[in-house]
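In the two complexes that follow, chain A is the common piece, with chain B as its partner first and chain C second.
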Partner chain A sequence: MNNKEYQKFIETYTPKPKVFENALVSFLVGGALGSFSELLLQLYQLWFHLPRKESGVIVILTLIVIASVLTALGIFDVLVTKLKSALIIPITGFAHSITSAALEYRTEGLVLGIGANIFKLAGTVILYGVVSVYLFGLLRIIIIGG
Partner chain B sequence: MIYVNAFLFCGFTCLVSQLILDNTKLTPGHVTSLFVVIGAFLDIFGIYDKIVLYCGAGAIIPITSFGHLLIHGAMDLAGEMGAIGLAFGVFNLTSAGISVALVAAFFLCLIFKPKH
Partner chain C sequence: MTITYKNVYINNASTIAGIYEANGPLKEYFDKTYTKDLYFGETSWEHAEIKLLKDSIDLLLKKTKFKETDINLLISGDLQNQIASSDYMAREYNIPFLGIYNACATSSEGLIIASTFIDSKKVNNCIVSTVSHNTSAEKQYRNPVEYGTPKPETATFTVTGAASILLTNEKTNIRIESATIGKTIDKGTKDVNHMGAVMAPAAADTIYRHLTDMNRNPDYYDLILTGDLGKYGKNILINYMKEVYNLDISSNYDDCGTIIYDTDKQPVLAGGSGPACSALVNYSYILTKMHEKKLKKVLIVPTGALFSPTMYFQKESLPAIAHAVSLEVVEK
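Our next item is the complex of A and B:
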């Protein structure tokens, strides 16, 4: 049995991810999270009399704090294994990646542990976000002048 | 109606990312980076602004809105100062999210121990 045959042999025995079920779960849960934050947005506008844009930022902050606390309590990891990308794609995933990195490297010290590793997972989002913004921004300035 | 739109848009982004995760070898890190770039790309000509108008918070909470907010802050100042405004304004709108996440993570990891 050569290498390629062995790979095929292995593939028949590895469990296939339940593609349809996972997709349905992430659609429903992700959608519910979207509707819930819209409700939150309307409530913040009512309670604090803030404009819509600022209320949106406060909704994001609320989700970040909730996700960080759940991560610290160890609940978020359990939820992610069940709900998959419904919790990774909303901003909760960003907060989760920062808090879990901080928790994991806590034992290696305040500077070399937390400080050096806190952006370990979230850094990729910020890096490619900023690089693409510079490119797209220059493109837009060249095409329509700002 | 905006609740339905929020449900559909946020659900749709999660659905697409789940399909990518299940059918390719990309990791969540790849997918979130890809979605941030897509969000910034959609905002070059203000398409994402229209989506936010119709879908409300459903378009604000997915990670695509991170790219949208980055380019929005950059273009706001670029309008006033020219191309150098990109450098000054790029974190204007996202600084709240990043700083709160950092501070929360710092104090939480001092209090809690990781659970495995």
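Our next item is the complex of A and C:
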């Protein structure tokens, strides 16, 4: 049995990932998280008399705090195994990746541990996020002039 | 390459396990379990892993009544970079030390080296140890422990535990009869969440060569036991052996990864993995059954994926290895 044939062979004995089920859970939970954020957005405007834009920033901060605290309490990763990608794709996932890395490397100290490793997972998002902001900004200037 | 031994006996063994293993079906067979958390009173998972290993050696010395200075050789390996757990354990003992690495097949590599030393009369006795720790392994090979990602059903769960065994040239009621050194085999599998598929061909090759070299049928053994293929890998091995070697091992074959946990009830996906997986099952459950003469001839085949995260990121497929060791009850 050559390598190609072996890869075909093992497919028969490997359970197929439940793509539809996982996507549906992610869609529903992700949607619920979006609705919750929208509710917060309205409430912050009402309670603190903030303009929509500032209220949005505080909504993001709220989600980051919730995700980080749940990560520190060891709850977030359990939720992810049940709720699939619904919590990983939004800003909650970004906060989770940073907090979990900080927790992991605290035993190696503040500089060589947390400092050097905190963006281990989030670094990719930050780097390519910044690069795409530049590219799309440039495109925007070229196409619609600013 | 199959080696036969005339004069290598198992004197005693010790097993220490963590909370997930203590909640599994083999609980009563372990010498000691830590059920509070995975730190065992230490400040980091790496220190906890070293503690497990030291515990298993201390307990073994206590059980055997051998003194530290009576031991001729200590062989140990683990999953940490630079096999750190074994190195830092070894500095605590006044025993000549060999550090080894064969991933989850480390225990069998150690048994083969020790048996060869003893049978060739270079040493009288030797301790072989191994350890793995769920969260320190996650940190070493995967993402931060608290980072949650949806995992496929084929992924395995690293066993937390340490196991040590004392081999001697003095006669006891279980002996190491022969061993087959595995070849490193890579069938092009690149999925780190499907280690069973990565390692099954290596196990199949070793089992086939062992049976051929020793001129035996699979039913010569009461049990053939692989290390950590998990429930899907186990099925792959059975069917792969039928298809490629025309050998049916289904009636007397099992896998330690599916024995150590209750895969239906515990959150371990396809089963246990890690060097301690096979070592814990073999040195507790299997040796007990052999002492009770319920099993008389057992072929243990710990399996290891020799993968490096760096090589994996460089798009390499995953090599695997398996060594077979034949254990026999000595008939008086």
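What we mean here is this: the second predicted complex is superposed on the first by the 146 of 146 C-alpha atoms of A that agree within 3 Å, B and C clash if a C-alpha of one lies under 4 Å from a C-alpha of the other, contacts with A are read in each partner's own complex, and residues count from 1 in each chain.
Quick note on the criterion: contacts are C-beta pairs under 8 Å (C-beta built on N, C-alpha and C of every residue); 3 or more make two chains touch, one makes a residue touch a chain.
Because the structure is predicted, anything quoted here is derived from the model rather than measured.
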Judging by the criteria at the top, classify the pair chain B and chain C on chain A as clash or fit.
-> fit
With the two structures laid over each other on chain A, which partner does A:112 touch: chain B (first), chain C (second), both, or neither?
-> neither
Scan A:13 for contacts with chain B and chain C and give back first, second, both or neither.
-> second
Which of the two, chain B or chain C, is in touch with more residues of chain A?
-> B
Check the residue A:29 against both partner chains and state whether it touches chain B (first), chain C (second), both, or neither.
-> first
In the superposed arrangement, does A:104 touch chain B (first), chain C (second), both or neither?
-> both
Could you look at A:43 and tell me whether it touches chain B, chain C, both or neither (first, second, both, neither)?
-> neither
Figure out whether A:64 sits in contact with chain B (first) or chain C (second), or with both, or with neither.
-> first
Touching partner for A:121 - first (chain B), second (chain C), both, neither = both
Can A:3 be said to touch chain B (first), chain C (second), both, or neither?
-> second
Touching A:79 in the superposition: chain B (first), chain C (second), both, neither?
-> second
If you've got the overlay open, could you tell me the nearest Cα approach between chain B and chain C in whole angstrom?
-> 5
Chain B and chain C footprints on chain A, overlapping residues = 17, 22, 71-72, 74, 77, 84-85, 88, 99-101, 103-104, 121
Residues of chain A defined as touching chain C within the complex | 1, 3-4, 6-7, 9-10, 13-15, 17, 22, 71-72, 74, 76-81, 84-85, 87-88, 96-97, 99-101, 103-105, 107, 120-121
Footprint of chain A on chain B - complex, ascending = 2-4, 6-15, 17-19, 21-23, 28-29, 31-33, 35-37, 40-41, 43-45, 55-58, 60-63, 65-67, 70-71, 74-75, 78-79, 82-83, 86, 90, 93, 96-98, 100-102, 104-106, 108-115
Contact residues on chain C for chain A in the complex?
-> 43-46, 139, 143-154, 187-189, 194, 197, 200-201, 232, 235-236, 239-240, 243-244
Which residues of chain A touch chain B in the complex?
-> 17, 19, 22-23, 26-35, 37-41, 56-57, 59-61, 63-65, 68-69, 71-74, 77, 84-86, 88-95, 98-104, 106, 114, 118, 121-122, 124-130, 132-134, 136-141, 144, 146
